[in-house]
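The structures considered in this document are given below.
Consider the two complexes below, in which subunit A is the common component and subunit B and subunit C are the respective partners.
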Partner chain A sequence: MRNEKSLKELEKLGQDTLKMITKKEPPYVELPVRSLSNIFFDEKSKTIKMGDKTSKRYFLNTAHTRKYAQTISIASEIKKIIKEDATISIRDLYYALKHTLKGSKENLLENQSESDPILEDLEATLGLLREELNLTASTKGVIAGSLTVKDGKDIIDLGKMGSGGWGVPSNVEPETIDIKNVDADFVLFIEKDAVWKRFNEDKFWQKHKCIIITGKGQPARAERRLVQRFNKEFNLPVYALMDADPWGFYIYSVIKRGSISLSYSEEKLATPDTKYIGLTVSDVEKYKIPDNVTIKLNDEDTKRIKEMKDYPWFKNKAWQNELDLMKKRNYKLELEALSRKGIRFITEEYLPDKIKNKDFLP
Partner chain B sequence: MRNEKSLKELEKLGQDTLKMITKKEPPYVELPVRSLSNIFFDEKSKTIKMGDKTSKRYFLNTAHTRKYAQTISIASEIKKIIKEDATISIRDLYYALKHTLKGSKENLLENQSESDPILEDLEATLGLLREELNLTASTKGVIAGSLTVKDGKDIIDLGKMGSGGWGVPSNVEPETIDIKNVDADFVLFIEKDAVWKRFNEDKFWQKHKCIIITGKGQPARAERRLVQRFNKEFNLPVYALMDADPWGFYIYSVIKRGSISLSYSEEKLATPDTKYIGLTVSDVEKYKIPDNVTIKLNDEDTKRIKEMKDYPWFKNKAWQNELDLMKKRNYKLELEALSRKGIRFITEEYLPDKIKNKDFLP
Partner chain C sequence: MVENNNLKEHSVAEFFKKNRHMLGLFGKLRSLTTIVHEFVANSIDACEEAGVLPEIEVKLVKLGEEHFEVHVIDNGPGIDEKNLSKALGKLLVGTKFHRLIQMRGQQGIGASGCILFSQMTTGKPTKVISGNNCKSVYMELGINVERNEPLISSKKYLDKEFKGLAISSEFKEVDYQDSNQNALEYLKRTAIANPHVTIKFLDPFNKMFVFERSVNVIPPKPLEINPHIKSVDTDTLLTNAKSSDAKTVIGYMKDTYDRVGDRFFEDLQKSLGKDLNLKDMTKKELDWGKSEKIVKAIQKTKTISPKTDALIPISEDSLTLSIKNILKPEIFYVLTRKPTTYKGGFPFVVEVAISYGGNSGRLLKDGSVKSEIMRFANRTPLLFDPGACAITNAVNSINWKRYHIRDFENEPITIIVNLCSVHIPYTSVGKQAVAEEQEIIDEIKLALMTAARQISNYISRKMKHGLKLERKKMFERYSYEIARALEILTGTKQAELLPKIEEIILKKLELEEEQEQKENKEIKEELEENVIDEEKKEETKTGKLKDKKLNEFSEE
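Showing the complex of A and B:
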């Protein structure tokens, strides 16, 4: 299905440029400022967001010329790709455009670190995700649950994916992935692949009517976007199951509020409704977890805890207590540590108990 | 399905130990030597293999006691897991066993770097893959093609996986994954996820009757095992599509011959029939690829080329020429570089041409 909306936006960029040239005005593109000064936490959308400061990139300003040429060339190549109904990686995009400009010894691009930020500029200025521009990001996540998705001509039953799960594709926009027959009461966003496998093997999603998804560590854009769709389109609550360590908390924070580096897209990626179901340091007493499966904090951990205490969305009693407790106890612990209580403790006791008691962190 | 074969092997280990104790002999386990001195390239199986040197680990030798206790405890825990019909990660295994020995201050395990090698000892001595011991490794690969797999109660059509593909599960042993209705002439083992996505989007597997699989970089055990099964059980040739760089060549080498670190399992993982379909440095002329998409070799590359020239399986004219040419030209190139020739050049011209002309490296 061709992305007409994106095509229209790209054509508008081209038309605007042409107008300036025919009017003999110096051509430019107007771009949102993507530096920290223009990034803030938006109380309305409850996500990290980019502000409305913009700057102009001029063709005739020699300090801008190279980037200007790259911007127009990349926009033009993307238009071509959409017209070909193809989806390519950002590395392909770089190589497709890497050439020496006619009559010069100048390469349009020297390496991918030049094309990547230009693409981000375009996403920000057009208000489109890269997926909507037929560009794929790498994906690693898998998903299972009682629902079907229509992807191209294929109708895929995510309740019949065996032990492997369905590999989350890069583009999960509604134009590409049609979600149907959702028979679930919530989404469980699991940090770790090994833990996801435990939940899948124990058919937790069947017994507890939910969708289980993992990004295998820090999730890719696609997993986050898909979870946002479940939340927005199907009103499903989202529960995050992470390690009780600063990294796990940070991943949760990205799922819920977004990240600075993707601030220009977070309205489409973050899921502010997400709740933290576990693991926490307070669980150690609550579930009588033996001390010797905990891990001592290192300097980096202590530093991260301090930073996180200042995040606006951790500025509430529950999280401040949890972060203080972690620092006081001077330990963290991994989800797999629950295996000490029995292999299926996590799926048969811990999680059902947490859900029953609504024992969440905000 | 309970793994009776593995249970029997583990019970035998227990019985043998019990016999020694009741006979008042000092109990020991006999283990294959896993050091380099006992690893060789086996001309018969054409894979890297472990030799038949063994050593004994004694309970009553104080230098062995700790490892002996770990060996027996891990074997016993694995037996329990198999009896529970559960599959767990090696990290779970570590946590499940991490405890302080009664009446002492000694922990059975201090960290996972203690339990992992013991597990490898057990795999080697029992002649079983860890997957056969209900232990999962992390997986990242995806697969698509005209075939179905039966995984538990689910029958999964790998020709209807949309843009995501089926996530290759950790355990792909015949007891778990039943492969059916294979309508393919060959297997294409693709190094990179982005390239796999190109082949999947262009439905290459449908047009060219093949199975496409990627391990997203260095493949996990499961992807290699699955490809070996396609080769052995269905007589499908395997073609590897890698970057033209020392890392791509090395991954090919592991797929075909195995690795030193997994030498004790390579008979079940390596696929000696694999052929190298591309990318090569010679392709630059053959397919008129512009020079400016190549990448200069670094010192590590040059060192690796020198090492690889001495691998027994690269000791043939074709590979020696290719390695010499890479060194002489002083460049490498990535699969995505073919995008310079057009986004679908790789699926519509390059690969079909290579297959038609049987233009492989051995």
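Showing the complex of A and C:
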């Protein structure tokens, strides 16, 4: 049983700590380093992976004390949840543990931004995903297309979800979500909700036989996991449609290769086959987009461009050219800018043309 | 038409009646403190002159709105009947006005000024009892303002034996409040700076305060000295000539001023040049023009520093005892500097003390403690005009952080500065603020820096200890969380876990302590050297400044 494995890992953490205390040694937990210094690009899986650097979090190091207590407390709370066979959200977890420390006005957790990273630490050190720890994160992504899913006992036709689409649940593992009757040639991962709505309203997925999905900005892991499943289980190519700006490029990079903070689980989340379909700065000439819909780059943009030029997966001619061009022209543009050419330009001309010509960035 | 009597001469008493602020008698709170000060200062001076350890009782009785009765009783020699009315009922009768001697009151208008103020605000005479171990005399006394003469409205002899002087006087337009400028604060500070004095005070709320003496020795009497030659001005040179028995100017100057020898007159003659020949000049020949020339030449002439014998500081030993007795600090340091001079002619000595913890600092109503600066001039507390005072500015110019006093304003610290001089350079007639004489400021700063260095080690140790306690508490707070979580994870009971965790915390802190002590030993000497170096730099800086000033003086 899956949960037995999680329980065993949590109990082992407890036993290790108990051993240190019995030996009168100041206790600590050893955690993989979740920062840029400890990730690498794995050529085999083509995703970001976490290295084997670890750091120790000590109870009696003043700078660690609070985090150490939070780590052990969260571990114990998760054990309780699994024992009760319940599944709760990470926000529930935060509230369940929020209490005042004995003899002070201090709370064990002041807000959720304290518990979330510690949960990620635990996932990384236990080698378990939060779903395996009976935890869910809130999701915001929506999806539509010609396919059905079986969610528990419910069978849902994603072609009949109206204008809102189907909300992606937090756990999309095969044990929970069964994907069936897929009638699509590709997956279109759209950055923005407003643009996704345009595609859904125009029934783009029907006309072009695809699945459209958005994470409403930076996608949660469920959307990424689901897209990876389409790619791996159904061999569907994945195309990313993002703003032509450093943030859009970054989201594409996370979908394709993974993120630094979740590097320990990117093998299960990233989709290395993803291709960048648009928007690009070079599209401005190609599709005769007027100059006046572009936005001037700010300092942060320029900085991000410089950083991204060094990402291993952007170290190819096409991306280097695109990044150089953006910097040279000193502008970026949003997907909505295409509406200048007519509101259906994006669904009826731009995207079909891109797909037909296989005009992608790698 | 101008009538003749409009041109009549005003008496000194009349002048002060119209200018009472010159006596410090303005502001309701300030007036009452000034009154207590004048009577008490007179009492202490009288006792000391008579060789009696002073014991002063002060009582304030509230008679009505802004209406108080002030009682001051001392154990001094009293004033004999013949002089009693004159001493208290005539302004400017003190014996100290034209003498260069370090005393509390300098102008002899204090007590009689208060009696005048009482008369002005209540119309009533002041009651006085004076005795010297024999029959005592009782008087009701006022002042004839027009003639500046005492006005005795009642007089009788008492059978009771009494030794000392007792004054009881009523005042209106005065008030008493909880303040760091009230009579209580004045008396407390007086007790600190005068460890040989016992003061009992009954405040208007019937609360008794007793400041017992800390030493049983009366400080030596200050010696009377002639004024230093460099301190003389044209008018004084001319005026004092009249009261000298000498015939020649040189003879007059020799017996009236300090530090004038044959060598000085040789140099002075060089400075004067051919303009004026001092030799054989008679006093009669001395006029304003000549006097002016001589004074100018004196400033250009090198002189020997003045005698400093006339200065009687509180002394480190006595101040130590009174601080222990009254402030009961955790730690303090007392320092008396060597005598020096300002403006080339006026000798002075600076005494400082830094007192930390205990009753040091000023306790506010909300329970918090602020630092406080106690300023003294010849042992007399200066309570008013702190912002205008060179002492305050010198204290505030110290970089207290260097001495581990992070937040000077909000620490339990009392800074005591006593400036002793035969001539305190006050900024105004109120005599509550010392003027900004660079030499005085430098001396105060150097004294404070030396004292602060002694205090800083203690404070830094205390702060470190506080931090350690804070850390221990933090570890303990979180150890409950860890025990609770481990019970869930392992099934081991919290009660079993907690003592073990506590033991680990203690062991860790002990180890750190040992490590720290080892490191401290190594860096302590190095650190001390650094601080001393820094101060030396500052000392040479101010020292150079002083030299420069002196040079300017003689080159002029």
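The rule we apply is simple: the second predicted complex is superposed on the first by the 265 of 362 C-alpha atoms of A that agree within 3 Å, B and C clash if a C-alpha of one lies under 4 Å from a C-alpha of the other, contacts with A are read in each partner's own complex, and residues count from 1 in each chain.
The rule is short, and it goes like this: a residue touches a chain if its C-beta (ideal position, glycine included) is under 8 Å from a C-beta of that chain, and two chains touch if they have at least 3 such contacts.
Predicted model only: the values in this text are computed from it and were never measured.
J.: Identify the partner contact of A:Gly167: answer first if only subunit B is touched, second if only subunit C is, both if each is, neither if none is.
T.: Touch partner of A:Gly167: subunit B, not subunit C.
J.: First (subunit B), second (subunit C), both or neither: which does A:Asn292 touch?
T.: In the superposition, A:Asn292 contacts subunit B only.
J.: Thinking of the overlay built on chain A, is A:Glu9 touched by subunit B (first), by subunit C (second), by both, or by neither?
T.: neither
J.: Name the contact category of A:Asp243: first (subunit B only), second (subunit C only), both, or neither.
T.: Touch partners of A:Asp243: none, neither subunit B nor subunit C.
J.: Is it subunit B or subunit C that touches the larger share of residues in subunit A?
T.: Result: the larger residue contact count on subunit A belongs to B.
J.: Just checking: does A:Ala194 make contact with subunit B only, subunit C only, both, or neither of them? Give me first, second, both or neither.
T.: After superposition on chain A, A:Ala194 lies in contact with subunit B alone.
J.: Considering only touches as defined above, state whether A:Ala86 meets subunit B (first), subunit C (second), both or neither.
T.: first
J.: Report the residues of subunit B in contact with subunit A in the complex, numbered from low to high.
T.: Answer in residue numbers: 81, 84, 86-89, 91-96, 98-100, 107, 136, 138-140, 142, 149, 151-152, 154-156, 160-171, 176-177, 193-194, 197-198, 201, 216, 290, 292-293, 334, 336-340, 343-344.
J.: Quick one: in the complex, what on subunit A touches subunit C?
T.: 10-11, 13-15, 17-18, 21-22, 24-27, 59-60, 62, 65-66, 68-69, 72-73, 75-77, 79-80, 101-104, 106, 108
J.: Give the list of subunit C residues in touch with subunit A in this complex.
T.: By the definition above, subunit C touches subunit A via 471, 473-475, 477-478, 480-482, 484-490, 492, 497, 500-501, 503-505, 507-508.
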